[in-house]
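Attaching a single structure in structure tokens format; questions to follow.
Read from first to last, the chains carry the letters A, B, C and D; within each, the first residue is number 1.
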Amino acid sequence: MLKVGLLGAGRIGRVHAINIAAHARSQLVAVSDVNEDAVQSLASAHGAKASTSEAILSDASIDAVLIATSTDTHSDLIERATAAGKRVLCEKPVDLSLERAQRCLSAASKTGIPVMIGFNRRFDPNFAAIKASLKAGEVGKPELLSITSFDPAPPPVSYVKVSGGLFRDMMIHDFDMANFLMGAAPQKVHAAGTSIVDPEIGKAGDVDTAVVTLTYADGRIAVIKNSRRAVYGYDQRVELLGSEGLLSAGNVLENTVSKSTSKGVVSAKPELFFLERYMRAYAAEWDAFVASVLDGAEVPVTLEDGVAALVLAEAATESARSGKSVLLEV
Amino acid sequence: MLKVGLLGAGRIGRVHAINIAAHARSQLVAVSDVNEDAVQSLASAHGAKASTSEAILSDASIDAVLIATSTDTHSDLIERATAAGKRVLCEKPVDLSLERAQRCLSAASKTGIPVMIGFNRRFDPNFAAIKASLKAGEVGKPELLSITSFDPAPPPVSYVKVSGGLFRDMMIHDFDMANFLMGAAPQKVHAAGTSIVDPEIGKAGDVDTAVVTLTYADGRIAVIKNSRRAVYGYDQRVELLGSEGLLSAGNVLENTVSKSTSKGVVSAKPELFFLERYMRAYAAEWDAFVASVLDGAEVPVTLEDGVAALVLAEAATESARSGKSVLLEV
Amino acid sequence: MLKVGLLGAGRIGRVHAINIAAHARSQLVAVSDVNEDAVQSLASAHGAKASTSEAILSDASIDAVLIATSTDTHSDLIERATAAGKRVLCEKPVDLSLERAQRCLSAASKTGIPVMIGFNRRFDPNFAAIKASLKAGEVGKPELLSITSFDPAPPPVSYVKVSGGLFRDMMIHDFDMANFLMGAAPQKVHAAGTSIVDPEIGKAGDVDTAVVTLTYADGRIAVIKNSRRAVYGYDQRVELLGSEGLLSAGNVLENTVSKSTSKGVVSAKPELFFLERYMRAYAAEWDAFVASVLDGAEVPVTLEDGVAALVLAEAATESARSGKSVLLEV
Amino acid sequence: MLKVGLLGAGRIGRVHAINIAAHARSQLVAVSDVNEDAVQSLASAHGAKASTSEAILSDASIDAVLIATSTDTHSDLIERATAAGKRVLCEKPVDLSLERAQRCLSAASKTGIPVMIGFNRRFDPNFAAIKASLKAGEVGKPELLSITSFDPAPPPVSYVKVSGGLFRDMMIHDFDMANFLMGAAPQKVHAAGTSIVDPEIGKAGDVDTAVVTLTYADGRIAVIKNSRRAVYGYDQRVELLGSEGLLSAGNVLENTVSKSTSKGVVSAKPELFFLERYMRAYAAEWDAFVASVLDGAEVPVTLEDGVAALVLAEAATESARSGKSVLLEV
């Protein structure tokens, strides 16, 4: 039984709490958060202790921590947790600063304690099936990857200002998905971005719609499309053209009902947002973390993976700014 | 080059005229109809002769006739055409009277001239693919067949009164489809019918909605659903459950566009009616007729098939009336 | 907080245990089963007491019981539980004997304690959406209902012999679905059944493939298709044709991935069986039960509903045997 | 009745011949080709005269010519035909040389005779429905366009060498589609190309897989993906994200049949290639041309449109070569 401390009792912390508590081999022991009310209510709902991050990190009976605090605390908490010998699952992104994330990686590596980063989409049954099919060679050699990732609605401009920008905050998931499916880092990054959804986002120095092209040393190409607004729901799709076929993962819909009338055939929208769409992914992610700790299974998403996604986000941000492609060392 | 006389220049006659004229190995030579205007305009559009059925049947240069006149003339024209040595493609149904159709079959058989009946749906690429898959054993042994066949809107009650009733006029297609896919006649017919769409149809002695269950000597079952009204278009589907899988043929849609908005995902309706849906089927049907005449290929839908479908229509009419199943000699 | 005793720790009991434990307003207090090992492991997994049905029914601190024991004990346990003042959620079917179920209903009614029957499919988000759309009048007046319900594989013949037969054991769900969606009992039942999947099932006096036609006093028709074998998974679909459109609920697939190769486009199969397909339905069912007890919400599936489905199962069994339709008093 | 001369009796010429002959308001009068056999057989099949381009262009009884000869003759024939006062429908592309096409435009403009360019995809019912929906404002303001266009198999390298390259030969269709749907020319073109399908194509100086990003003055973005190889068929899709929704046009499949077995659910592939996929588009294109001549309807695809697509092809070719974006004057 894995004894777990949860750092962070916000929206995503509550999702993790349910999965930790429901898992047959893990137990939620303690919860911390800067918000006292949040921590009390979440702890009591799962029979855990309301605590502090300090107390959790120094509690020898706790095996692992899940870091679901605000992004600016991730690097610091990863360093402290690994120094304390705790296994770590940390929410994405590692950090908004690539340099800080790299220092964190360096520090954590020295402890020898593996850190897992919460790129939940790798555990989505649909994207995981794409990866499995690829690995099995079912469509031959991959050649052209397309990732579509649209949020239902843009965040407030106040959030945009502190978010690190679309490439670090939103497309970071897609950069990791590209790394995951392509199994290599690209050589070159080209980004086109615009603030056509909300000009205020542009005034805040960010984009809300972007297309990024990644080219790889062996000639493969990937293209990522992001928009902050898809009024019909959370649009999350992946397509991969290979030498022997195409793999395509569609959206998860709210239900399977269609209604045919004189006006057309109406079916359900995609699940509205990430909690609904990735509910199964979060549970599978937690299961993989438990297996990596208790069974010695390979850590499926490493801190290095977290840094690698940030490298692409940094390059895309630069490319969108300069209008020129950015070359990466590979 | 097959020289063809077309008897009947109404809606369906015009469809056949185009296919006869467009086919590389057939030529539309003459057209007849009781309506003088119709025959003139159709003949001139295709460079054919406006003629009469008498003249066509006695013209030695004409190899084949396509009978697209009103149903009550079919048996008579089949008998006269085969007696004149013409190959025949006759629109369905052979006759509204089973007894008359049987006499026609008897007379035509004596001439030794094969007659093809225009059950166009056998030539629909979707249903034909189901048949081919079945024959190839791709879903094992067939066990349970379902046919859904809904018209977009009920005909006028005046038509209903002379139509022979839903089972002879509309479900006749589905009886033939069952015979085609099951490759045998059923042992027993049970029909449930209602005039829920339009009570006036009920007053005229007919039904507008019906479910027929066919049971076969070897234990297979087929179920046919008909409605005179599907406001979203012409709904034409087939499903066949076999020991190793399910074959399913869906509707042909007006286009492949979907529109996702905050209200749902809207896609196109099925093609509105039989001319649109079965356009490709009519062309393939004509091609098969030409091949049967010019190449000696097997006649794909025989006059016997036309009578066999009528036998089921008669039994279903009786079952819906009496509320009891009707046993057939097989 | 609703304190709940679970009677039955088998496959379905374990599903309910998870939902009871996970629900914010219910607590699993005690579990009983004839199998000692099953009861011990299930109880400990959820921090509940291993107990006996006697002890649970006489424990005043327990508010409600969930009956998930073998069918032959249902009527007895419902009577004892309601006599003891416990609210009840009982798995389907109420009983294999219609007469026994009616006596149970009579006894339970006298206690004034409402009993809910576990027709889980009413809580499936897809079928529930059909019901909601119907209620909202989105397709006008219902006219023709079709229910397709195929199991992935037939049960052992030993099970078939004690199951009460396909109509009571399997189609009972579909009878309830028809009652649920049509909002009335039919006037007439016609059943065609065969043992084409496994002749041994026929020798045991049962069928494995059946088509049932229900006709209603107002002219509506429903048709239910069952097969014990669909090698591609659990096939659970509903279609309802109304005066203004068609509602259609499709299968829930294992994932949304398609693979296009030179051989065709392959997509995922339906979820294999009822635990996967109806996972969300079982959770929603439990939530509705909790609301009916704690909030006084209407009991969504009553003991009367359980008896009504049995009436249809009885009639269909009789019709399949006699080959004649069975009239019901409505 | 429009009297038409067809210049070119190759594969695409034969498609046009059928549409000209089948159209109620046009007549195929004469056909020319460098291949004597081709011209004889095509002419006789449609009752037209085997002729030469010279004779056709100087025949005063001919109203219009359809140019379906090899690309290097297009500009010259357009100039001669318009000088002779003939209305023209010319296959795409206008020319491989942008400079030559611009001279052709200049010469043709002076004659005042409108020229239509055969960008057939604008007439595909699916893409046309996207355009109509956009125009009707059904998804609000367009923001992000995606075009997927994959051929089933790469052409021979010998063809590649004289083709003008992927951007002029293949993506030219997609550039026109972008111009058609966006209603404006982009400001900037970025192309990434690779010869991952066939290295011999790379050695011949061309690419076989490419992603082009177009950015517009008002902040809109379009992305076009091309591959010379999709083993599952001709993959032709368009998606447009707008402020109020998403429009998506999928592939046209060979049939609507699906087969569910223990291995998955298999459905039909996209129509194999452009003749099958765009059969309806070619007929609609011809109908639009006839209407533009006989009814004075607006020419739906002008010579200017043909040149505008070439401008993008030129820019993309340059961008793929240099690795830098190309700015356009708009």
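Rule of thumb we're sticking to: a residue touches a chain if its C-beta (ideal position, glycine included) is under 8 Å from a C-beta of that chain, and two chains touch if they have at least 3 such contacts.
The chain list, named the UniProt way, goes like this: A, B, C, D = Myo-inositol 2-dehydrogenase.
Everything numeric in this text was worked out from a predicted model, so none of it was measured.
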Which of A-B and B-C has more C-beta contact pairs: B-C
Counting only C-alpha atoms to place each centre, which chain is farthest from chain B? A
Centre to centre, by mean C-alpha position, how many angstrom separate chain B and chain C? 41
Report, in whole Å, the distance between the mean C-alpha point of chain A and the mean C-alpha point of chain B. 57
Which residue numbers or ranges of chain D touch two or more of the other chains? 230-232, 235, 244-246, 260-262, 268
Could you pull out which chain B residues touch chain A in their complex? 230-233, 253, 260-270
Sites on chain A touched by chain D in the complex: 143-144, 146, 148, 150, 188, 190, 192, 194-197, 209-211, 213, 215, 218-221, 223, 225, 227, 229-232, 235, 241, 243-246, 323-325
Using the touch definition from the top, list the residues of chain D that touch chain B in their complex. 18, 22, 24, 45, 125-126, 129-130, 133, 138-139, 244-252, 254-262, 268
